[in-house]
C-alpha cells in the first residue's frame, strides 16, 4: 500500500470542496497537500472533472517537479505550487481557482483594498495583486515564473506569507495557501467573498477610502494577535468572524 | 436539567436559520435570545461552525457579561448584545451577520435610503449607518463601545429602536433585533434584500431621490399603524408585504 | 363541497410557484385566479407564509371586494386585483411580487426599454412604468387607486393590456396578468429576467439605444402574429423563445 | 426502429444539460446534434419545456430544412443551425441560449475582450459580436439570414470557427458549437462565465485594456497548441483550466 495514501486522500478531499463551495466549474482549479518531511505534495491531475476524480488519480510530486507516484499528468499549475512550497516553508496546502469575483479583480490588475472588518478579520493588508507577468517569463518556464512572481511580490512589498495567505496573479486569478489544505480552501472561499463585497462597495460609492488603521489592527489582533479572544481556547482555526 | 433549556433551544434554532437563509458562510454571524425575567441571554459560542453547533454549545450570559451556563467561550460580539439589551428594553433577540449587500453599504459608510414600498413596508426611515467608530473606542472596550455607538446613533438622530429594528455599523456590518429571536432573523433577511434592491436601483440610475413621504407613511401604517389592515387579525408578525 | 374548489386550487398552485421560481421571500407576493362567469376571484390571504399555505386558506372575493368564501382576511392588494379584472376583461390571472430586479427598475421610476430579442419575443414595447402615485390617491382608497393608476397608464399611452401583460408600479413593484394564472406567473418570471438583462446591458454600456424597430416586429410577430411559426400548432402558450 | 435513435438521444441529452447548467429558463434555448454522413441533424422541437421533453420529441432535419423524422414542429432557430452546419463543416453540435450575461453583451452590441487567462485558456481572440442585422434580412428569411450573418462575420474578420467556437448575435444572444453537442454545451457554459467575468472586470475599473498578447498566446497554446501540456495524453477534451 502506498505510503502517500493519507496525503493523497487529504488532497482529494480538499479538491472536492472546491465545486461544493461554488468556486469552480468543470476543471477550473486545483488543490495540493504538502508532506514536509518527505518533501513531496499530492496534487490534482490535469484536466480531470471533479465528479470523476478518485483518490488514486492524485499525483505525488517532489519539489523538482518529478512525479513520485501516479500515472496521470499532473496539474498544469504544478510548478507554481512547487515554487511556493520552496519559498513559503510553513505552508502545507495550496489552492488555485478561477472563482468569478477574484478573477474580476485580477483581470482589472487591482489589489483588493481593506474596506471593512470582514477583511480585517482575516488579514490586515490589502490582498496583493502581482504586476502583469512579462513576455520573457511567459515564453520561458511559465508556471515556474508565475510562482516566482508571487514570491517576488511578497518580498518587494515586504509582506508576510503567514499573515497574508492569498494573492491575485494579475490577469490570471487567485492563489491561496495555509497551514493545511483545508485552511487553504477556506482562504479561497474568504477571498471570493471579500472580492465580492469590495466590488459591491465600490459600485455603491465611487471614492471609498481604505478602512481606518485602528479598526484594521483591532479586528486582526482580536483573532490573530497575542491576546486574541476570538474562538475557543486551543482552536487552531481562527479564520471566522 | 438546565432552567435555560428553552432559551438555549430558541437561540440555537435561530442561529441555524442564518446559513439556511444564505446570510452567513462559516462562522460569519451570531444570534442571541433574551430572557428578560432572568436578565440573561443565550448566545452562539465563538468560532463554532453552524453545522457542528449543538443546543448545548449555547452560552448563557448575564448583562454584565458573566457566563452563567456553558463551557465554551461566548461570541466575540457578546458585549455588543449586552449593551443593546440594556438600552433597548423591549427586544428579546439580536442578530449580527456579515451578509454581502448589507456589508457593502456599511463599508461604503452609507445609510440605505427608502427607495420604494418594499422598504416602507418594514420601516418608515432610512436604515441608519453609524459614524465610523473612533480610535479610542476601538482600542478600549471595543465590542462594548460598538454597542454604545449604535445606541448613541439612535439617540442623536432621535430614532425609535422599536420601529427601526436594524442598523449598519459603519465599516463593519448589520445588527438587527426584534421582539423575538425569530423576528430578529427575519429582519436580517429583509435588510439584506433591501440593501440589494437599493444597490441595484442606484446602479440603474444615478440620482435616485428618496421615496415620496406620503407613500412611506401609507405603506408603513397599513402594516404597523393603529388601523393596520395587513395580515390576519391578531397576528403578531406583521413584517410581510 | 365548495363550488369554488377548482378556482381556489388553481390560485393556490399558482401562488406556490412564486417561491419555487425565486420571485418571493416570506410573504412578498400574491396570485389570484378569476372565474369570469361567477364574477369572483380566489386570492392569497394576507400575511400567510407560502410554506404554511393550504388550498382552503384561499379567499374568494367578488369584484366589489366582498368576501364570498373563506375565513381569512384577503391580501392587502386585493382591491388592485379587482380594478384590473374589471378593466382588463380578457384576463383570468394576476400576479404581484416584489422580485428584486423588477423592483429596482420600479424604484428608479423607469420603464424597461426593449434592448434585445428576448424582450421582443414577449412584447413589442417597453415595459411601462406608471407615474408615481399622488398624495391624494395614497391617502384615499390606496389599493383601488393603484389599480386605477395602472389602467390610466395603459389608456393614456394607448397600450394594449393583451399584448403588454406586465407593468411596473413606480416606487412599488411589478404586476403581471394573463389568460390564466399560470400565464401570469410565467410573465412575472419573464419580467424579472428581462429586468436583469436590461440592467446588466446598461451597466456594460452607458448609452444603449432601443432595439431596432424591424427586429422588434419580427420577433414579436414570429410568436404572436397571424403567421406565427413558433411553438407547436394549437399550443396556447406562445411565451417561449 | 429509427436509424436516428442514437443521434436523437445525443441531442436530447445535450438539451437537458442546458437547464441543469443554469443557462435557460422555460424554453429559452436549443441544441442540435449533426450526423455528417447522413447530412441530417436532430434538434429540439419548438416551444416544448425541458422537463416535458422526451427523446422521441426530437426532430430530424436535413440541410435544406426538411423534416426527415418527427411529428413536431422543429425549433424556430433551425435554419440558423443549417446554415452553420453547411458553412462550418467540422462541427457536429450547435447550441443557442438566452443566458443572462451573454445576452447582456449581445444587447450592448459588444464583442467580449480578452481580459484574462480564463478567456485565453479557451480562445485567443475576443468573442465576436456580429453587426446588427439589417431590415431587409429580418423581413426576408430571418433565421437563415441570422446564420449567414454569423458566417459573414467570421469571414470578414478572418476568424477560424474551429478556434472560436462561439459568437454573439447582436441584440439577440449567443450561439456556440463544437466537435460534439457536448462540447457545444460546454462552450455555452464557458461563454456565460467569461461574459460575467468581463462585465465584473469593467464594472470595477473603467478603462481596462486587453490582455497582453504574450499571455494570450501562452495560455491558448499550452492547451490547444502543437506542444500542449494541459490535460492527459490523448484526452479529446482540452477545454479546462
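In this document, chain identifiers A, B, C and D correspond to the written order of the chains, with residue numbering beginning at 1 in each.
As a working rule, a residue touches a chain if its C-beta (ideal position, glycine included) is under 8 Å from a C-beta of that chain, and two chains touch if they have at least 3 such contacts.
Owing to the predicted nature of the structure, the values given are computational and were not obtained by experimental measurement.
Student: From the centre of subunit B, which chain's CA centre is farthest?
Tutor: The most remote chain is D.
Student: Angle of the rotation mapping subunit B onto its copy subunit C, from a C-alpha fit, rounded to a multiple of 5 degrees, please.
Tutor: My answer is 90 degrees for the C-alpha fit.
Student: Counting shared numbers against all numbers at the contact of subunit A and subunit B, is it over half, same, or under half, different?
Tutor: Both copies touch with mostly different residues.
Student: Need the CA-centroid distance for the pair subunit C / subunit D, whole Å please.
Tutor: Once rounded, the distance between the two centres reads 33 Å.
Student: Roughly how far is subunit A from subunit C, centre to centre by C-alpha average, rounded to an integer in Å?
Tutor: Taking the average C-alpha coordinate of subunit A and of subunit C, the gap between them is 47 Å.
Student: Residues touching two or more other chains, restricted to subunit D: which are they?
Tutor: 203
Student: So how do the chains connect up here, line, ring, star, complete, or something else (other)?
Tutor: Looks like a ring, each chain touching just two neighbours.
Student: Which pairs of chains touch each other in this structure?
Tutor: Those chain pairs which touch are A-B, A-D, B-C, C-D.
Student: Show which residues of subunit A lie in contact with subunit B when the two form their complex.
Tutor: The touching residues are 115-118, 186, 189-190, 193, 196-198, 200-201, 203-205, 208, 211-212, 214-215, 218, 222, 229-233, 235, 237-241.
Student: Looking at the complex, which residues from subunit C come into contact with subunit B?
Tutor: My answer: residues 25-29, 45-48, 72-73, 76, 98, 100-101, 103-110, 132-133, 135, 138-139, 142, 171-173, 199, 202-203.
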